[in-house]
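In what comes next, chain A is part of two complexes: it sits with chain B in the first one and with chain C in the second one.
Showing the complex of A and B:
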């Protein structure tokens, strides 16, 4: 069943919680709503579920306009941020609640409850009360309760936010498995955690200040972010100010050849245009403020003294000769287990720090050392700077 | 500072014992003693007897007890139903209306009960609603006073519950009635039972408004105590007080049991 939102706007008094959201989720598709706190993700979910009525716009389920249909008659499964298991009912009765509301025969209720509890691995706990369960177990019951009514649409509001890091990783795996068990269900998954969105979603919708900024398949959004906000929010990209020149872009007085703005990488086509005041002025325009966007792990770093065994394979050394290397200084290093996060500044660009991830095992320059920072052109994209 | 030294502690405890003992505990003991006293001329009562208690449990005085119980249950029950209903309604009402309801329900707490009694007497002693002289005016007086407490207790509990429960229940296909009976009310049960026991306890002891409105046929126990004392029958009044105390304690404890495990979050 397809969910379609058309220009959905939600106001709470003076606050605009959601502004002109257009979104379509196909049957069997998972769309993640990703955005910082207060960006309107939960509000979008509540509008789909019918808990809040949009002040403008329409919501469609399988081609039928449900904007004025109460939640009880939408048949959508919802897992809210704090689970909201009914505290006075046992696990089995929580799960059975929707089935009993639909006046299903006793035998069928029992069979279906056993089935979904089995699916989420909670069959042993059917007789417990919610307060006798851990956070992760409560979360599973909340999902089982939503799935029991066999909803064609499942809405999940930060289902992992209340769990610790280890449990979160485990549950992420379980959710992926669950996704395969309900292949036809349209899922909207709200999160502010980019790794959850990347792991689960077919498409990611990035939200900010009540608006949808970008929406695209997860891989596209990651490799070629359409906006500066998405680039930094999804994967923490480096954003370096550049100017367009003949044959490439100019960064800190040096030209990176072969990179040019494309219409597709400019904002405006995903509804987020209002944030990029400078962005719209046209594909290939020369004067607009552009940012070069590159992921921390794509940057190669080498000692500027120029030994061949340095981190990068570019043995030449001496930053000046390399077409896409910039001289800089390493100002900080953080070991993160599997990799190290290095912070550099490019000479002539002291205000912008460049984050570089280097896998553990490669030898690292000393903090304070002069380094050569290589930006492989195939890993770079251009985004418009925000007009602020 | 005083509390940290040993003499300081002793002084504090003595002060506490004096205040609590003399002002709270001693009157109870004295009433109990008076209830069983044949005469009390010296410092201590003498010639113990159970005749006062027997008197308190027979005839007119026993009738007073049943009147009190009926009034408390009728008024208390109605107060809980109306108070819960009002609290639920105010929760979903527009803000200004909810604030108005809040203020309205606090009125009987702020207004002296004698004034409440007098206004009911004046209002219901004439057409179109003539209740003066019936038991209903007493029940209504109690209802008016107790509904404020019921409303307050339930509204406070409602404020602490999250709308998410009702929303999720609705999304699972439950009708508004099912959400009310199977989710909202069970989750409010502890507050509702608290409200009921508070209402009944208060109603059992109410005098101020009752004395303004009661007809001769519907005299509550506290009013009897007042009347007996007025006529100088202090010992019988003491025995009745003891009965009143015992019955109220039993009622409140029983209701508290009913509350069972707390399911509030």
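Showing the complex of A and C:
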């Protein structure tokens, strides 16, 4: 393990910026710390870099405890959102800063500077000053400067947040390419943008309120989010309140067969036992504290014309004939280019809107039309509702 | 001068729109005040210096007394300024970048120091270094107060805040993250100071140093108060000639030299500062 954080807690006076973070990053692995602002992700990064000292916990770097080692002796590459290039030094001198601090021989400094500038495609700007470069170019120089010292760990703190959308997409591609050029470096990538995390990270650590919520490989977090917060923050899932009944879950009075909660997703310590007696579901026991999670693109929508209106109402198992469809109304539509984002309301669940993505080209129902909302059971997962 | 200021807009009056006239009218009072209170007395001083023709000038400029005072003035001003820059930079770096309780209080004290009169420092020096002072009573009268060093140390004490104030402002502008990144790259405190901090505060350093050089060149209160016999500066010489010896023409000659020295230095500083700014602007 190249980086290991053990119960790292950072307090500023009364404010807890980071609470009990355990995290390991292997050599060659990219871990994204994903979360809204104030979630503690940048603080975690600063703790690894040594810019803040943890109030509690230890930080290990390649097997050595570096908790009390100053940043200058950690040898970690750091890239920040504001680039933080030295304004009065030329690009080449900026990149050479770390090498000169390490008292490398002149020839080696020159060779290494040329090498990393070539790597980020900035070789022909070596004589420029930072203020003569665009934001994207400055960020490339900042990355080159961090990589010049051949760090075992590279920390990236919202490196693309200051760039505009098109440039951000380009730089994302550049970063993916760069990743392959430094295969042994452990990368910690702090971002609030899920698309950056999904594109770059091997594992994503979702953070909220100074705590780590979930950490798992990106694909796992997306397809089977372990918590309601992760489900909505990563990929914007629909979260629909359900009750557990025998053979499945009940949503808006209709049963979705074949979906069973995992023991882990159930709140409390009752585990699988809690939904055995869920026949008395209306009582509002803890079986209500579950949410059905489904991605907007997984929902299928169809016009409901001249269909029998009594489909599946109160259907206990017999309602399975209705498939996994719920009657509802389309209340809004936004065209987004490649797809349309439709907003529906399931009959009997007026407080919860359901987001559906429909690829452009498919014919769309009119806003206000009655629709049939199909929730394919294989695309559904259950998560515990937030206890707040 | 006032006539000139009046006649220009009147001559243009036929074609110029009425706002132009009213703007000149607004300019007039401050110009008159300036002319009456600043320019006129200086012209009188310059005129007085020529009452004896060039003879007075030749005599004063040629005197050993004058040349010694000129050299001493420049020596004291340059030494004090260098001292202020060193001490001021050190203190500003400590206050800005070394977190310690009370940094804000000290920063406030710097501002308060700017408001004090300079001779107060000289007075306090006599209490410390004088024959009856704290140090004086311990080691006897060392004669320190009579040397130019006393003046230099007093001026450093008093003028250091003039260097620190712009430096503290400039250092507050440096993003912390820049220093963090410099540290992460392996830069030790000395390297970060030399390669990152000092180049970025160079304009503030130049402004503070320039101001200090000007002020120390013209400092009178401290020198008079310490009253060192072998520390005669140009302002002291003006005072001695004019007030003590009633040799007005000679005093005026020295005063004119003093004014020319100050204006010359000021122009040179402006040029240096704007060249620095110009080089920066050209790169933008």
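Everything below uses one rule, namely that the second predicted complex is superposed on the first by the 347 of 388 C-alpha atoms of A that agree within 3 Å, B and C clash if a C-alpha of one lies under 4 Å from a C-alpha of the other, contacts with A are read in each partner's own complex, and residues count from 1 in each chain.
In this section, contacts are C-beta pairs under 8 Å (C-beta built on N, C-alpha and C of every residue); 3 or more make two chains touch, one makes a residue touch a chain.
Everything numeric in this text was worked out from a predicted model, so none of it was measured.
Engineer: Quick check on the chain A-based superposition: chain B and chain C, clash or fit?
Structural biologist: With chain A aligned, chain B runs into chain C, so clash.
Engineer: Just checking: does A:60 make contact with chain B only, chain C only, both, or neither of them? Give me first, second, both or neither.
Structural biologist: Once the two structures are laid over each other on A, A:60 reaches no partner at all.
Engineer: Counting only touches as set out at the top, which of chain B and chain C does A:82 meet: first, second, both, neither?
Structural biologist: In the superposition, A:82 touches chain B and chain C alike.
Engineer: Going by the contact rule set out at the top, does A:71 touch chain B (first), chain C (second), both, or neither?
Structural biologist: both
Engineer: Figure out whether A:51 sits in contact with chain B (first) or chain C (second), or with both, or with neither.
Structural biologist: So A:51 meets both chain B and chain C here.
Engineer: Name the contact category of A:145: first (chain B only), second (chain C only), both, or neither.
Structural biologist: both
Engineer: Considering only touches as defined above, state whether A:132 meets chain B (first), chain C (second), both or neither.
Structural biologist: After superposition on chain A, A:132 lies in contact with chain C alone.
Engineer: Shared contact residues on chain A for chain B and chain C?
Structural biologist: Of chain A, residues 46, 49-51, 70-78, 80, 82, 84, 86-88, 97-98, 101-102, 131, 145-146, 149 contact chain B in one complex and chain C in the other.
Engineer: Mind listing the chain B positions that touch chain A in their complex?
Structural biologist: Of all residues in chain B, those touching chain A are 162, 164-165, 167-176, 178, 182-183, 186-187, 189, 263-265.
Engineer: Quick check: in the complex, which residue numbers of chain A touch chain B?
Structural biologist: Contact set of chain A toward chain B: 46, 49-51, 70-78, 80-82, 84, 86-88, 97-98, 101-102, 131, 145-146, 149.
Engineer: Over in the complex, which chain C residues touch chain A? Could you list them?
Structural biologist: Where chain C meets chain A, its residues are 175, 177-178, 180-188, 191, 195-196, 199-200, 283-284.
Engineer: For the complex, give me every residue of chain A touching chain C.
Structural biologist: 46, 49-51, 70-78, 80, 82, 84, 86-89, 97-98, 101-102, 129, 131-132, 142, 145-146, 149
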